[in-house]
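Every chain is named by a letter (A, B, C and D) in the order it is written, and numbering of its residues begins at 1.
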Amino acid sequence: QAKLKVAGIYTVPFEQQWAGRLHTALKAAEARGEIEYKASENVSNADYERVMREYATAGNALIVGEAFAVEAAARKVAKDFPKTAFLMGSSGKPAAPNFSVFDNYIQEPAYLSGMVAGGMTKSNKIGMVGGFPIPEVNRLMNAFMAGAKEVNPKVEFSVSFINSWFDPPKAKEAAFAMIDKGADVMYAERFGVSDAAKEKGKLAIGNVINTQPQYPDTVVASAMWHFEPSADRAIKLIKEGKFAAEDYGQYSMMKYKGSSLAPLGTFEKKVPADIVTKMKAKEKAILDGSFTVVVDDTQPKSTAK
Amino acid sequence: MSDPVLVLSGITKRFGSLVANDSISLHLGAGEVLALLGENGAGKSTLVSILFGHYVADAGHIRAFGQSLPAGDPKAALAAGIGMVHQHFTLADNLSVLDNVMMGSEPLWQPFTRRSAARQRLAEVAQRFGLAVDADALVGSLSVGARQRVEILKALYRGARILILDEPTAVLTPQESEALFDVLTQMVAQGLSIIFISHKLGEVLRVSHRVAVLRGGKLVAQAPAQGTTQSQLAQWMVGHAIEAPVRQPSRGAGEVVCELDNVSTGRGREKLHQVNLQLRSGELVAIAGVSGNGQVALAELLSGTRTASAGRVTLQGQPLPASPADLVKRGVARIPEDRHAVGVVGDLPLWENVASERLRTPAFSIWGWVRRAAAKAYAQRVIAAFDVRGGGATSAARALSGGNMQKLILGRALLHPDAATTDGVQAQTHTPRLIVAHQPTWGLDIGAVRYVQGQLLAARDAGAAVLVISDDLDEVLTLGDRVAVMHAGALSAARPAEDWTRETIGLAMAGAEH
Amino acid sequence: MTELVDILSNLSFWVAVLRIATPLIFGTLGVLLCERAGVLNLGIEGILVAGAFTGWLTVYAGAPLWVGVAAAAATGAVLGSLHAFLTVGLALSQHVSGLGITLLATSLSYYGYRVSFPKVSTPPTITPFAEMGWLGLPVLAQQTPLTLLALALVPLLAYVLYRTPLGLSVRMVGENPQAAEGQGVSVAQVRTGAIVAGSALMGIAGSFLTLSAFNAFFFNMVNGRGWICVALVVFASWRPGKALLGALLFAFFDAIQLRLQQSGSAVLPYQLYLMLPYVLSILALVLVARKASYPQALMKPYRKGER
Amino acid sequence: MQLVKRNTTSPAVLVLAPISAVLFTLLISTLLVLWAGAPVGQTYGLILQGGFGSVFALSETLTRAVPLILTGLAAAVAFKARLFNIGAEGQLYVGALAAVAVGGMHGGTGFELPAALLFVLMLLAAALAGALLLLGPALMKARLGVDEVVTTLLLNFIVLLFVSLMLDGPMKDPTAMGWPQSVALLADLELGKLIAQTRLHTGLLGACALAVLIWVLMKYTVLGFDIRAVGTNPRAAAFAGVPVTRTVVLVAMLSGALAGLAGAIEVAGRTSYLTLDMSPGYGYSGIVIAMLAGLHPLGVVAASMFVAGVLVGADSMSRAVGVPTYIADVIVAASLISVLVATLMTQYRVKFK
């Protein structure tokens, strides 16, 4: 039968890790020949609704994107195109019949990566550089901090935001500033942070994507997000004609392989054994549901003196 | 006479429909001073601009020292030994005199400037022609006369053999003009040739060997200066004879209209120091003085663009209003010194410029809404009554020649919107009470000068109190019922014109007590 | 207070200041050169992007780093000559031409990047300039050669402007084009030259971001740095020395806020810290650049044979 | 190369100029599409189609034009008085902020106003906010001689951070799940739609009305004269009795107010709440549009629709043809420059020597 037409609409360029995950997942599906995939990147707030309508009118069966800053508009469009399935990143609720929501609920691996970080820091100072303090960022930072604190109560955090998704030089400067003040493990929410760590011979924790291949001697662990489960589910349901408005949040969690802690790889040996065991145990606990990482979307604050 | 150093043949230049220069052929002999005369807008500046390469002629060609001169290329003109002093200064105020002078004299890609050498050379040239300037002073800080000298030095520094001066004396004081003429004489003595544009026929006949007269872009007459009379020149320029206005003695001064009582204001070269002055209706007071001795301050004070820091200024008993608009309402007519920069807004049409002074009165606006019809009608009347040529009510003011611009300003000041008659200032009831005219005739051609002066006298006779501030001695003596002299911000007593002689005024202008 | 003290006493803070300042120095000198010749160049923001892109792309394609810098400069020069053609040749509004070029250069770079790199997971990188450890000097040793170049350009530009016939002509066409024309200097040529050269500097400023400060090209990575340079030139009242000062000052504020923001005692919302450099710049402007003496002909188009 | 003013413009030129501008733009787009290795085929058709070809396209173009008209007017009036306001972007945001503060914040605060009144208050607040934001630079220029290009430019950064601050703090929408966006306007404060099922809202009428208003103001009122006079020759204006400083301040207020209204109308007409990425540089585009229109208020309307149309059209073309969307901005820039050159060529001819 005719291939399923899917469109992606991203408010940021594909390089932005967040959009990047959606893009790769759908590209994969396309590669498997399941769908025909088109995408627009860097779509400004003012244009978002138009692009949605254009894709919907163009007969796409599934539209994937981020409704965050355009909630109202996006939902309005969904209403106007009941035949089209919408799977939108959103902190809001799904809206019947065709508006499903998802979000990067990867606090679990973030927590685990926090444990690793807590175990790796010598100075007990961890630096965190973020773009904007939005829930999608805050929740990961908070989980990370909680994880670190669990294995190392003495650890202190310094947090700063650069008010831009794309200013690696600036993110790098912020990271340098933290390293100057003694941080020896950096939480790399933005591009540029790992580079600063690398140049100063410090460590870094990857986020959303696994950056160890780029920084083999710097990135200890990465909390990864896999959009595949969500995307594949949506595609499958549509093909079966069963797509309905639901919250895909859980499909970003470890239980559904929506997220994971990247293999320690080059740091397999370097991470203290006790930390690794603690971490593995916690991983199990999360998977069997005996431990849940709380989702805390409040803006993280520095604790360092 | 020796063969000409400069030959212009058949020069024609059009600006749109207007023919600014109409196949003009002219030559300049070695060591000759050629005076170029003509009404405002006759085409003098255009002609010399073409000669120097600022404009490209539509037809005709130029030979300098036997070589034909490429069109539209000042560089070539300079190389050919032609130097030009423009009508409106072309100097950079923020740069030093030396910078202004040496700019462009060295190869662009030379890795360093030879400053000391340049300073020396400048000193030599200055010394040779007796043009004293401070090489390191910022041009912006110089007096008009000094700037004029810098302009001339610029040309001489580049080794000009032919010097073009476009209205050099328009902005100079008598003393400065005299100094300039001495310089010219020296230059001629040293074999330079000079083209000299001026509206002041007296000086023209004194300094030039030969005169050439343009009218409406055509060369209408050439003659040796020897044996040519001013009236003859005027006749050529305008096409008909012009009689100098003869000032009937004032029909007796009336009541005091405006009084300055120990007024001081401003600072530096432009200050007033405890000035006392009474202006009576039906009387014209002329103030002489070397420009830069406080005239600007005085004019601005009485024009509402400056306030006194001490003393009292009264208009008909009450204190003088602070804003220009109020002054105009109270019947003060003002004619500013710099018509281009202050008199009109060049980009706006004539009618808006004419109405601007009274735009805030019921005559031309209600509830902030401009009564365009009324304003345009008024503009038409001013244009007709004051014979403004070169633009209709809706054309941009900048397109007017200086003379016509001045007539426009005069008209807007003198012709009250409510005046029944369209004939100048005759309507007694609506004549201004006070007229403040600062340099009302500089840069104007003889016809315009006579016209403006005539209007001022007519206004006096109609009962206005008139104040004319001028550094043109002839003007002061022609117009003033009473004359006062300004020096270093202080004003001498205003005494009847008969009590003054050129000498006594000159002394007073130089600061001598009396 | 003590916090401020140990921030300032930390050598690496000053390293950061100089690093942050470098692109601003290049850019500000570039704007300064254009404006000295009487032409506003709001194209800078876009020229930075284009320089960052082409510089990086060249190196990515295998060329040596310095060739990348040259490529960035060339890109700037090309865009500069477009600006010159529009503002000098055709005497169009300098504002609109500048903003137009910013839009053009930015979008063209993005388009080019995406066309050349359609498949993206993590952006491709290059090996950027290394620090000059060999250079014994304290703060300078942790900088890259581009910083050295920027610092060297300051006295060089000052020399050219104030000690060469070329510089004098540049200043003159910026003050009074009629006068320059009257002394046989072609206003069009000098202005064009100044704009092209100035824009080349802007191109280099952009390349610093991708060849030194970072090792990859990103969308929106220039992030307003160009506009800052336009401001700094006024602050510097069109003097190269002061331009350096201004750039360092701004960088100083930026480095400070980065450090204040992250400390535990940071009570204020982070936005206030980010505001710091801009607010202080305006303050500095009010104190320093009141009644700054402009190039008299700045923003005034000049058409030969017209008045 | 030298420009020579035309005495008369032949109709041929008047026709050829715009045509060549269009051709140039199309050439650029062709090259870009080829570069991306996509079929050039219907590129042009698609641009036209996407910008003006359907009710939807037209509605989108006009929707895009609304804020541009207002920021364009803001730039036009300011530039007329030689007040170079580069800060419309910031003024737009504070305007939007103020609108939300009035139209959305009074939730808990007991007092209830009739929607109509509240609507007016909302617009007033927005206009005032924009006006006050530009007042600073204007006064600094008038009193201290501080260059306004710079101050307005820097204020854009400050304002954006300030908005971000507000959206993280006092004005954050509690129901937005922590996403930094403001509370929404009351539903009945939102502008009605001109065409159902589209985004086109009544703000368009408001913007056009304002354009006419500004045109009248400039042409028929004393203030209009003051603005034009101060813009071309402040000294002469002062001599003729124009209150120069007051005029500059008034112009600043007017310009800022227009930009502020742009923000309010975007919120009330399109987004209904404020986010940090609400404006894709409307403020800066406004300057370009004003210039494109030769600072003529009515021209601003046309220019805005032109620019918006090209953008929307090129944007949708990029999707249809399958080339990166950044092409849209390239085409806008190209068209912009070529149109400017073309207009110039109707008044001048180039002479090479």
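Everything that follows uses one rule, which is that a residue touches a chain if its C-beta (ideal position, glycine included) is under 8 Å from a C-beta of that chain, and two chains touch if they have at least 3 such contacts.
None of these values were measured; they are calculated from a predicted model.
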Busiest interface, counted in C-beta pairs: C-D
Inter-chain centre distance, subunit C versus subunit D - centres from mean C-alpha coordinates, in Å: 27
Inter-centroid spacing, subunit B versus subunit A (mean Cα positions, whole Å): 76
Centroid distance [mean C-alpha coordinates] between subunit D and subunit B, Å: 46
Length of the line joining the C-alpha centres of subunit A and subunit D, rounded to whole Å: 36
Where subunit D touches two or more other chains at once, by residue number: 5, 161, 164, 168, 324, 326
Junction residues of subunit B - those touching two or more other chains: 72
Subunit A, residues touching no fewer than two other chains: 41-42, 133, 163
Touch relationships between chains, expressed as pairs: A-C, A-D, B-C, B-D, C-D
Residues on subunit C engaged by subunit B in the complex (per definition of touch): 163-166, 168-169, 171-172, 175-176, 178-186, 293, 295-296, 304-305
Residues on subunit B engaged by subunit C in the complex (per definition of touch): 52, 54-56, 72, 74-75, 77-79, 84, 86, 90-95, 99-100, 102-113, 154, 158
Subunit D - residues contacting subunit B, complex: 5, 7, 220-225, 228-229, 232-233, 235-243, 353
Residues of subunit C touching subunit D in the complex: 40, 86, 89-93, 95-97, 99-101, 103-104, 106-108, 110-112, 114-115, 188, 224, 227, 230-231, 234-235, 269, 271-272, 274-275, 278-279, 281-282, 285-286, 289-292, 294, 303-306
Subunit C-facing residues of subunit D, complex: 1-3, 5, 32, 35-36, 79, 84, 140, 144-147, 149-151, 153-158, 161-162, 164-165, 168-169, 284, 287-288, 291-292, 323-324, 326-330, 332-334, 336-337, 340-341, 344, 348
